[in-house]
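The data blocks that follow each hold one structure.
One chain, subunit A, links the two complexes that follow: it is found with subunit B in the first and with subunit C in the second.
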Partner chain A sequence: MKYLKLVNFEINRFFKLYMVLVGMVIVSQIAGVIVESRSFIKEANMTIRELGLTYTSYAEDYGSLSLGSIMRSGWFVLPIALCIAGLSFYVFFIWYRDWFGKNTFVYRLLMLPTARLNIYFAKATTIFISVLGLVGLQLLLLPIENKLFRSLVPVDLRHDAPMSELFTFFDGLGIIIPAHLSTFIIHYGIGFMIVFIIFTAILFERSYRLKGIVFGGLYCVIALGIFLLPFIIVIYQEKMYLYPNEMFG
Partner chain B sequence: MIEVKDIKKRFGRKQVLRGASFTAEKGEITCLIGVNGVGKTTILNAIMALTPINSGEILIDGKKLTKDTFEKITFIPDAITMLPQMRIADAMEFMRDYYKSWNQKRADDMLGFFKLKKEDRISDLSKGNTAKVNLLLGLALDVDYVLMDEPFSGIDIFSREQIAEVFTSHLIEDRGVIITTHEIHDIEHLIDKVVLLDEGVILREFNVEEVRETEGKSVVDVMREVFHS
Partner chain C sequence: MKKYVKAVVIALFTIITIGTYYIQTSFASSNYPQFTLKTISGDESEVNDISVHSNYQIKQDGKVWLEETAEISKTGTTYMRDKSYYGEMLKGYSVNKDYDYLMKNYRSFMRGNEGDPVTFAENDHYLVNVRIDYNYVSGYSNSEFTVNTYNKKTKKKASFTLPIPDYTKYDWINIQDVRLANGKIFVATTNEMSELDKDGNYVETNYEGHIYTIDLQNNKMLKEEILLEKAFKEGHVYGLDRSILETSPYMVLVFDKFNATETDEHVEDEMEVPIQQIMIIYNIETDETEVLNMQKVVKTSSVSYESRKGNTVFISTQNDEKLTVYGYDLESKKVASKQTFVLPKSMMESKYVIDGNRTFIIDNQKKGNTSFGTITAYDTKTGKLLYEGSIEIKGNKGLRSNEEMEFYNINKH
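After this line comes the complex of A and B, so read on.
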């Protein structure tokens, strides 16, 4: 119960910053679809007028526009990169904000009549919910953007792709929104594991300061070593015990 | 009773506590006195398990601290432990949310006594008022023990008087209080027991009334004797 209260509390603390990220993704991607579509049509219309072409012949000679190509533009890539950067920063900030400044709020958290592990899990849950929230937002936005794209660009000038294909247009999106559930679990499993490792390293540092940085660093190296063990075994034994898919993780 | 038994604490190469032992009874105000940096705050942090100790033992009513102990003991540090963007009302709601021992009526009474406004933001409060809110958040818990770290440091004379007044009221009665200070004057007449600390060891532990009666000495007299010898 107190764990859920803490999750709610942590989410509220991150909410404003998170909404900035959400807003930025929505505005930039929708604007991207509109701006890129309009400029493509404008250019196409000019050429068509100059050379007396039809939409179909223009598309044949100069190529059509796909949502995929817009997705590879900065309009899409930049907000996603900023979200990744923002959340990565928050993985650290979610802890350090409680120690820094005049108010050492961490004292209050550590003195709550609840298991201290709940604080750790509440902070981790906040990160996970935020990440999955942004992925969900992207999944919701894509069909909307697709509809918008179709309404803006005439059928002869565009290349329509099914939704599943859209994800493969842009490599990064394939990692963020994989085509298979198993890959999704593996990608996010690794991501969340890394968050746990970083959290633990941060707590080493916070508990033992300078010595803690060494402990934390060692802990990260050991954890990473265990994760990479399948690869290390392959390199040293030149034998494959696992399928590549299982190893990729 | 809070029992601090032979605790040692080292920060890097610096040995801050070198086997400190003392007890603090329920219903008494115990004052930890020593100059800055002798380990007063470290002792309070250790009692609340906010810093790990290298050796020794701390018992609260005969038991080691667990998560449930935080419903029995509270710590009021020298800086407020609430988010600066919170309003006083939010801070009280936070406490009510997490502590079964939160006593809203007492919180409201204290709010009136200190003339604080619920809707004020913590970051906008004066130093004196911040200290009062800090005190309120700790004392409105129905706990048996209260630890206070330098409640009088750096605040104006009127706020100090108001805070000192709290010590004689029902807010403190029957509880066990450990208070640290390096300025004894504000509370000399209020305290029951004194623990003199220097360089990580307890130099003397005495009952104020007893010493006054048997030796005819005030707290400051004993301090002079101990610290100057």
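After this line comes the complex of A and C, so read on.
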């Protein structure tokens, strides 16, 4: 229960900033669909009037609009990039704010009558929930955006693609939302492993200061080395000692 | 509980959205059109290990909007996009039948021993693998054969190295076949020499065919035999793939000689007609070598080597839409079978595959809305029709006007 309380406490502290990120994604992506669709229709209508074309012949000559092409615009890419940057920053901030606040809050946190490991896991859980929450938001937003797009752009001027096609079109989204659950687990598993490694390195730094930076750095290098060891062996030995399925083992 | 409302809401939202998405995708069938092989006549099992390598495209306003490779087999269509990369990796790769056999039965020996299956040989007592760590031998002072052995009775692995005789004479040495007989390992290689031309580029100047005989008990090189010395100034050499699962006392090396006149680099090699085609057959049991001029054997200007099954080497000649397949018997030293097949005009290239005793021909002539072509399988030796199947799309609608499915070639697994 102590752990859950700590998770809830951490989420409450992050909630406002998190809502800003959520709001930004929703507003920017929805606005993106509206603005891009409208400007496309406006341009199309102008050309159609000037040249006396039909919607179909315009689409044939000038191309139709798809949600996929809107998804490649800054309206989509920027908020996603900002969320990634924000959460990456928060991986560090979640620890350092406790030391560098007005009063060193971390001492109160560390004095709590619970295992200190709970604090570590609570902070990690907050990061995981926030990351996956944003992924979930994107999954919820896409069908809504698709509906909105269909209602804005006439059928002759648009290219309808199934949802899974949209994911594969925007390469970055393919990493964030892979087509298979196994790939999803591996991508996020690796991501969370990195978060744990960074957390430990931060605690090295907090515990031993300057020396700790060296320890932390070494720890990161060793952890990365162990992670990449199967590949390093292949490169140096020029032989595959491990079968592909053992590479993950 | 009320205290935890924010955490609970975010966690629940995450689980529901991500969970729903992946449950949906796991139940949903592929978004792409599904093709299958529908038997018209013959035995369906003939195409058990056959698939049609295809390319699917969605076009938007004349431009390719989505492109995806697919494999069509009798069990259905597999699109690359629908495969999970990690899932495939966890299942383990399947390169070919020989490799699967080796990995399944000698998992520990095969660890770190990846390489061409032809570099492995097996008899009742041993499994051996011969490799040269650096095929580019002239650059290394320690060019040697590494022989890895596995004793099936004692289940012990061993390894030894042997220097390659006169390796400094050669620039490249490639192992084309390895065999085991009477306590000896036979290694067939093609050795290449090169020199600098006037522009400072290395050009192959000579190819040789060698057989190295290694004593398995004493780990010694017994002899080196040059099957064809100073073969060609300009040419191609290659071994004919044979399966480790088949026993045959014959090792086969093939040399194609091309005109040595300078040709434009951009001209595709396949466009050139070889001026001489030689097949060398070495019998590991009798130590006999035979050199054949294949153009004379089948009385034609150019032959293609297709495949080998046991003691038969299948070679073909093509004249417009007529494909003639000869089965050359290594034992009786004569052409044992000759069959002519008519190739479809519709496919541009890669119309057929000769897998030993079976010849597969693909035709991409559409019939109606649902049939996108046919696959036929014939007995290579007798010409008998074994199987005829239609490449059918599921459903009655066919493809949408902006969709295209193109067949590239027949894959044998």
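Rule of thumb we're sticking to: the second predicted complex is superposed on the first by the 239 of 249 C-alpha atoms of A that agree within 3 Å, B and C clash if a C-alpha of one lies under 4 Å from a C-alpha of the other, contacts with A are read in each partner's own complex, and residues count from 1 in each chain.
Everything below uses one rule, namely that a residue touches a chain if its C-beta (ideal position, glycine included) is under 8 Å from a C-beta of that chain, and two chains touch if they have at least 3 such contacts.
Bear in mind the structure is a predicted one, so any value in this text is a computation, not a measurement.
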| item | value |
| --- | --- |
| Touched partner set for A:Ser151, first subunit B, second subunit C, both or neither | neither |
| Partner chain in contact with A:Ala115 - subunit B first, subunit C second, else both or neither | first |
| Touched partner set for A:Lys2, first subunit B, second subunit C, both or neither | first |
| Touched subunit A residues, subunit B compared with subunit C | C |
| Which superposed partner A:Leu139 touches (first subunit B, second subunit C, both, neither) | second |
| Touch list for subunit A against partner subunit B, complex | 2, 5, 9, 13, 101-105, 107-108, 110-116, 207, 210 |
| Subunit A partner contacts - residues on subunit B that touch it in the complex | 12, 48-50, 52, 67-71, 74-75, 77, 79-84, 94, 97-100, 122 |
| Complex contact set, residues of subunit A against subunit C | 4, 7-8, 11-12, 15, 59-60, 62-64, 66, 129-130, 132-133, 135-137, 139-140, 159, 161-162, 164-165, 168-169, 177, 179-184, 186, 237-245, 247-248 |
| Subunit A-facing residues of subunit C, complex | 3-4, 6-7, 10-11, 13-14, 16-18, 20-22, 25-26, 28, 31, 60-63, 65-66, 81-82, 84-87, 89-93, 103, 107, 111-114, 133 |
